[in-house]
Amino acid sequence: MLNAAPAETRPPDPRADLTASLGLYASVARGAFRRYSTYRAATLAGTVTNTVFGCILAYTFVALWRARPDLGGYDLDQAVTFIWVCQALMPTTAIFGGGFENDVQTRFRSGDIAVDLYRPVDFQGWWLASDLGRAGYHLLVRGGAPLLAGSLLFHFRLPERPLTWLVFLLSVLLAEVVSFGLRFLVALTGFWLHDSDGVRSVTLVVAMFLSGMLLPLTLFPGWLGELARVLPWAALAQVPADLFLEHATGPAVLGPLGLQLGWAAALIGAGRGVQALATRKVVVQGG
Amino acid sequence: MALIELRDVRRTFTVRARAGRFSRTKREVRAVDGLSFDVEAGECVGYIGPNGAGKSTTIKMLTGILVPSSGRLRVAGVDPARERVALARRIGVVFGQRTTLWWDLPLRDSFELARRIYRIPDHRYRENLDRCVELLDLGELLDTPVRQLSLGQRMRGDLAAALLHDPRVLYLDEPTIGLDVVSKGKVREFLREVNRDRGTTVLLTTHDLTDIEQLCDRVMVIDHGRVVYDGGLDGLHATGRSERTLVVDLAEARPPIEVAGARVVKVEGPRQWLAFPSRQSAAPIVSAVAERYPLVDLSVREPAIEDVIARMYAEVAIG
Amino acid sequence: MADPGLVPAPSGPGSARTGFARTGPGWAGVRSGVARARWAARSWWLCAAMWTRSTMSYRASFAMMLAANLVIAFLDFAVIILMFRHTDTLGGWNLPELGFLYGTSGFALGMANLLIGSVDALGERIRTGTLDVMLIRPAPALAQLCAERFSLRRIGRPVQAAAVLAWSLAALDVRWTWDRVLLVPVLLLCGTAIFGAIWVGFACLQFWWGEAEELQNSFTYGGGLMLQYPPTVFAKDLVLGVVFGVPLAFVNWLPALRVLGRPDPLGLPTAFQYASPVAAALCVAVAGFAWRAGLRAYRGTGS
């Protein structure tokens, strides 16, 4: 740089601004990653639980697919693999809870949440970064274990093409963003409702059912199945699992990925809107 | 027999720290290291010390939550660790930083629960409640949900809840923390009343030494799990090697004057500050100054208890 | 020594009680045991009532959530109905029979969760100091802990399970002998006790292992899920594990074999199908032991 002018006279450089805030979010995400990596006992306990649930569901699927081979477009091995991929996705996308919303809940209880809305850092961006950091850790540690257990205990179908892994990872990232978008909306209900725990427990059951984690959405009948396959929850498990099973390959992967991307964008946008409403409410009522 | 009796009470904790990626080290920490003291019925004792000195460990042992590693402990005639539930009926506990009241319910409901849990006879409950309501000015607050109370109002509620079952001992952990001056005053006034009129023994920990000055006739200073001082407030000054200050206004500005037994610590125009040990009488110094210099005015300042205790902690840390 | 003062303190009946009084065997021991249990139940009731009143101060929110929970709970059974759109039997059992398993498992799990499920946050109660506050009250800490954050909202689950069970009982093709009729309420009661004991027992791990909260989900919610499906679906070792290890099989599998007149895939003696009360008593004893051991470790009583 040849420019020797004092810093304060330099015109603001938008690119430097962007780099700085990206750097900040990256460090928030790294911090969350490191924080979750210190909860060793919790990680182990959660991994055991995922494996147990995976086993139970896998046995029921084996029974169902023995009775009806090739049900829903899956053969027996694919159906079992579907279960284990879902168990790997469950902690990563925090469908069953355990994501950033616990921290937000704590801040609601302490009343710090109103202050958070006024930080110079964007509220949604901060929590998204933090949740991505957590998801990264959970994918690496808690995602791997169920896949390993599943491949040891049952017949397991691994992707045949190497590229599928890349597509799958991208899909998991989008699934996590969609999941964040949904949980962010639920968390913000705390500004209006006393019992946001209740909302969470309801949305949790809905998410489990409509994500396909308990039963693939291709087994849902008629209009219910068609509807469920395009709702945001499908993006959480059904879509990534199908990509892992190579139900779509080549350019055809763009369809499911596009669905995920669309919901991710829509939900983040909706989250911003609700955040603005919450900010206004805090201004009017003083928190 | 004393109401509270400790003989060589020790309590160690095993702390596990991560040493490397996979290894962990165990370390024994002595939170309380050989405490012995008695508190007689009706006393009001200040129990102070820096953070981590072992104050809350002591309180937890005195309430029966924690069991001592060794030593003998008696409160109101029972061994707290073995008869925790029996003891619970004879003690009251107030945590300044944590309310035991029910957040979403009117204050009255929390008192009602205490009545049932402590099985307080109806007439006692009514008498005690009336008295607390009167002394603590709770009348208007009884039907207000606790979440709508201010910190000071909530603390008054907590105090009442801890006293409804006629406890013989009241433990207070930082009862005035975070309160404004007026609320602090009300709380202290009430505690004095409870201690003096009802004869309830009070043991309080605090960081606000005004609490001690206004309430306690006896102070225990604890550091590193040991009692480093036990006695009256005035004795604390002596032990702490505290200094009083003689402030003299001379007729004119002078360089620091020389007086045996005192030293000048500050000069400001004609006014000079002379420090001398608290144990000594001020009279000989005053007359020594008056003999040699023309005096306009003088006053003696007592040492601030904060300074005394700060000095005491520092000495313990060095020794 | 008497306390002086304006209002002299009496020595009420309460102040003379000793909570940990060791009483010898015989009638006195039994009577003090019964008195302790009654006091524990009453303490639980008092605290749960306070929490209920707390939630009732947000009445609209509560009513909405209760309704939503009730409706949503049926989504859970919808999975099984959807499975049966594609098959007539699962592991050789038909839909009403699965409904029986689902209803009994869901009811036992739901009731246990409603009554004492809050115990699973023990680690958090320790971290925030709430447990200490419970320990300075003259009421059993376990009873207070189980009632902490009690929410009637959780009744949605057992109600829904009971509805499924009622439908199943009507749809089942079973010859109702007196032992079968009697087994149904007995298994619901014992199942609730078994799940409750599992909740308490595994929560106690958090005395040593504060973050292990999620582990118990394997046995509570995981167990509940497993028991919705017939034992014939699972590997034999797994079924053996829930008979002789964590005795979940006594919640509904074994008694259901008798009620529904199905052969035992393990070929165990018939007595096992009536043994739920024994299993429940064992579980409760073990959980009680775990609680005492955990509390001792927390308070630091010897080692």
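Lettered A, B and C in written order, each chain numbered from 1.
Just so it is clear, a residue touches a chain if its C-beta (ideal position, glycine included) is under 8 Å from a C-beta of that chain, and two chains touch if they have at least 3 such contacts.
Computed from a predicted model, the values in this text were never measured in an experiment.
In terms of inter-chain touching, the protein chains here are arranged end to end in an open line. Look at the CA centroids: the one farthest from the centroid of chain B belongs to A.
Taking each chain's centre as the mean of its C-alpha atoms, chain A lies 32 Å from chain C. Centre-to-centre separation of chain B and chain C, using mean CA positions: 45 Å. Spacing of chain A relative to chain B, judged by their CA centroids, is 51 angstrom.
Residue positions of chain C with contacts to 2 or more other chains are 55, 58.
The residues of chain C lying in touch with chain A in their complex are 55, 58, 61-62, 64-65, 68-69, 72-73, 75-76, 78-79, 82-83, 85-87, 89-91, 153, 209-215, 217-218, 222, 225-226, 229, 232-235, 238.
Chain contact summary for the complex, chain A toward chain C: residues 39-42, 44-46, 48-49, 52-53, 55-57, 59-60, 62-64, 67-68, 71-72, 98, 193-195, 198-199, 201-202, 205-206, 209, 214-215, 219-221. Only residues 11, 13, 41-42, 60, 63-67, 69, 78, 81-86, 88-91, 93, 95, 98, 100, 102-105, 109, 113, 116-121, 124, 127-128, 131, 145, 165-166, 168, 197-200 of chain B touch chain C when the two sit together in their complex.
Only residues 1, 3-7, 9-10, 12-15, 17-20, 43, 46-47, 50, 53-55, 57-58, 129, 132-133, 135-140, 299-302 of chain C touch chain B when the two sit together in their complex.
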